[in-house]
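Here come two complexes built around chain A, the first alongside chain B, the second alongside chain C.
This part shows the complex of A and B:
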């Protein structure tokens, strides 16, 4: 197990390193010039040059990269265009999005897996068909439309939930959940739809497996047969799907935060792009890439816990 | 009185291509502590018959008939009643030890859950008993194996785990469906040896489903031969081998390899499809003894000598089947 983890972590480090290069080059390849953005109305070439010089933008790209990455390794992501430390900005914004993503995964997983299991067990019956149809709708509906509809119904008409904004959990726990409930539902809908379909087919597979017949032949209750023997093997698929859906979750968070006016990481990303704020954008994308890799590493670990056969390939076993 | 008394068992599968009659009017009995061999080619309905007794078939199967066990009809029993019998009084060992164990759980967990379910043992007691069971089925260093996953065991060991699981609650009947088919020959002998040992030490009645007559000759007391969903012959094992009556049995015996007997004989033709029940002897198209009668009527089962039954219009031990 130790060796397995070490190899996975090593591979993850390499991915993070490579993505830092891609991030750096990619951002510089974007059209637009930060000096123009910073200089505002002033297009005097001397001012432009001074701005470029003060940010080190007049140096060759490799030099810029090494300077940036060596500071980043020490936790210093530089100053953004408002002279605020990028690292600090990210640290204040990231937890909001992490909470939103966590709630979305929680909502998406519980609804998706439960519906998938029920659909598989009651295959061909009404509950199967309605779950499958609902999932199709959930997959097809765009985030922004669903978000707006929910705001109209639950905030404007029914006054059950606030339409937008954010309060921190520490300041006001209930208010925090009230503000995040709709965004989490919107963000979790796509995930739950994908998970429902994948869980259903994985469960259909394992329900027809020989070991499920063995479990029945042992006299186990149907709850044990489905909930233990069949589900445990389907969870391998579910974990993989959650890992794969992470990219969709990140981009979904950008849109969802925009609709519900949540000052999270997604909004920060969008602002950084709009303002051509190189240091901020670099920091944001690097953190996002690292987060993606870390979560995938966690998925691998969860995977090996669920499937003992994977663990062995890493350990020395006779 | 017999331990298990099955009468008129029929199993039909409703498939997209219409119904398939897998088992037709099968009747047999099983005595306490008896080893019954059930023989036939793949698809003759031998596995399906026994799985239907514990309702282990997919939902597309419809089962009729009666199966008396301990005063109740298994085929009419409620699900709850049946669950209390499965694994506790009647246990199954399946053909594929590779896929019949759950890859995600330790073998100790999979054996232990039977003990916890039926005997309400505590976790610690179940573990202790599981190690005893692994020892009983002759798995070396059971204290270590109990914490291993199925993929860490060899095929033979996995089948021993399946047997240990089946024996966990000391069942009255052990149904072993091709328990040795997926295993190497040397390992097969060990498993069969273990079966004999179980019968002698625990007095468990065993149903041994196989297509291998050698296995039957080794272990069984009585043999039931099936063809195309019907019972064609039934006899004590020595009578069957000494004086087979049904041309199909004669053919099967001719196909068992023996040293110095030269070329193996085969039964010409193929097993018929079971989409339609023939109003004739199902073996007739492949049978050299078949005449007009065989092609127009279903032969009744007759007792040709004490405890020796055959469903054939022209029974006899001569080997002209393979001509």
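This part shows the complex of A and C:
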């Protein structure tokens, strides 16, 4: 098992390294000379050269990269256009999005897994058909539009929930949940549709497996068979799907935060583009890509804990 | 059916297979509904100038935020523009982004995936890592980057959506190639001394085509929603060009005065992507017998 995880961690490290190069080159491909921007009015060649020298812009790209990445590893992502440290801004915004994502995953898995299990157990019955149809609708509906509809109904018409904004959990726990309820539903239902379909087919597979027949043959109650044997094996699929859906979750957080005016990581990303703040953008994208890789590494760890076969035979697979 | 027809299908296995598939497809009403609705949206997109009652940018200052009427079936927006016409014109951006981003993803992903699966070894490992790198950048982050570098436009949004769809397709194509290389007819071709290019194009690619068609039909609705998201955020289609995402963004300021402005474009996005999803589910059932449903 140690070997398997070590290989996975090694691969993740390579991916993070390559991603950081992509981010570095991407930012260098942006139009405009940073020295011109920093020099403001002054276009004197000597001043420009001095600026380039003091920021290390006259050095070859690999040297600039090493300097940038070694600072980033120490948490120094540079200063944004307002001269604020980018690392600090990200650290203050990230918890808001993490809370939103956590609630969304909670909503998504509870609805998705439950509906998937029910549909598989009652295969071909009315509850299966309605759950499958709902999942198809859930896959086809644009979730940010669902958010707008929720605002119209629950905020504009009924005045039950605030339409936008955010208060921290520590300052006002109930207000915090009120503000995050609709965003978490919007973000979570998208996940639940995907999860429902995957859980259903995984459950159908494991329900027809030999060990489930054995469990039934030895007289276990249907609840034990479904809950303990079939579901546990289907959860392996569910873990993988959540890892793969993380990209969609990041994209979803950006637009959800935009609609509900939540000052999280997603809005920070859009602000960076709209204000053409490239240092900020660089830091945000680097953190997002690294976070994606790290979470998927954790998914692999969870995967190998849930599935003993992976620890032995999985090492030989890609 | 005449005697001649029956014998010709018996002789030609391809025609027989095609007839079998058509028969299986016609037994799925939902897939047919999906096909019809999807085709309707495509026709709307192509013939928008002919079908739409008004031009997408024609303003009528006597009817601002007007309700549905004989003149404006779905009412008008804050500038007095006909909502129905704008939805019909907006189909263009959605279909364009959906189809072209999927084609782009296919053109990039399929050759890479086939090479990884067919040759395996170090090249497979390298491609697997590069795919992981692509996956680490969600389509919205790619779109944000492209909008920052090249400026926001439908083309750049389409490219971002294509890049976003590519990793999953690479994995599918790789998996298929991995299985197909062990098939007897591929081994026979190798024994006959066929070149690698010939084997990949003549034997491997055609046999994964049905899987790829299913994948494409599922990628299109995702891209249609993706285009709406990007245009909504101002990273895609730029106003005054009509797009369902732009219409939703405009409607956001009138949620309490005219909520219907936010309703209609959303329904259009929903129906359009639902139709492709229904079609994709149906195609998967008839083309891919391995998946049990």
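We adopt the following convention: the second predicted complex is superposed on the first by the 277 of 318 C-alpha atoms of A that agree within 3 Å, B and C clash if a C-alpha of one lies under 4 Å from a C-alpha of the other, contacts with A are read in each partner's own complex, and residues count from 1 in each chain.
Keep in mind that, in the parts below, a contact is a pair of C-beta atoms (placed from the backbone, for glycine too) under 8 Å apart; a residue touches a chain by one contact, two chains touch by 3 or more.
The structure presented is a predicted model; accordingly, all values stated were derived computationally and were not measured.
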Exercise. After the match on chain A, would you call chain B and chain C a fit or a clash?
Worked result: fit
For this session: Quick one: classify A:148 as touching chain B (first), chain C (second), both or neither.
Result: second
Problem set entry | Computed vertex angle (chain A) for partners chain B and chain C, CA, steps of 10° | 80
Exercise. Can A:136 be said to touch chain B (first), chain C (second), both, or neither?
Worked result: second
Exercise. Once the shared chain is lined up, is A:11 touching chain B (first), chain C (second), both, or neither of them?
Worked result: second
Seminar exercise, completed: The chain contacting more residues of chain A, comparing chain B with chain C, is C
Problem set entry | chain B versus chain C as contact partner of A:211, first or second or both or neither | first
For this session: Check whether A:160 is in contact with chain B, with chain C, with both or with neither, and answer first, second, both or neither.
Result: neither
Problem set entry | First (chain B), second (chain C), both or neither touched by A:220 | first
Problem set entry | Nearest-approach distance, in Å, of chain C Cα atoms to those of chain B in the combined model | 14
Exercise. So which bits of chain A does chain B touch that chain C touches too?
Worked result: none
Seminar exercise, completed: Residue positions on chain A within touch of chain C in the complex are 11, 14-16, 18-19, 22, 26, 29-31, 136-137, 139-142, 144-145, 148-149, 151-152, 156, 163, 201, 204-205, 244, 247-248, 250-251, 254-255, 258-259, 269-270, 272-274, 276, 278, 281, 285, 288-290, 292-293, 318
Problem set entry | Touch list for chain B against partner chain A, complex | 54, 56, 58, 83-88, 91-92, 94, 96, 99-105, 113-114, 117-118, 149, 151-152, 162, 165
Seminar exercise, completed: Given the complex, residues on chain C that touch chain A span 124-125, 128-130, 132-133, 135-141, 144-145, 147-149, 164, 221, 225, 228-229, 232-235, 248, 251-252, 255-256, 259, 262-263, 265-266, 269-270, 273-274, 277-278, 281, 291-293
Exercise. Residues of chain A touching chain B in their complex?
Worked result: 208-211, 213-221, 224, 229, 232-233, 306-309, 312, 317
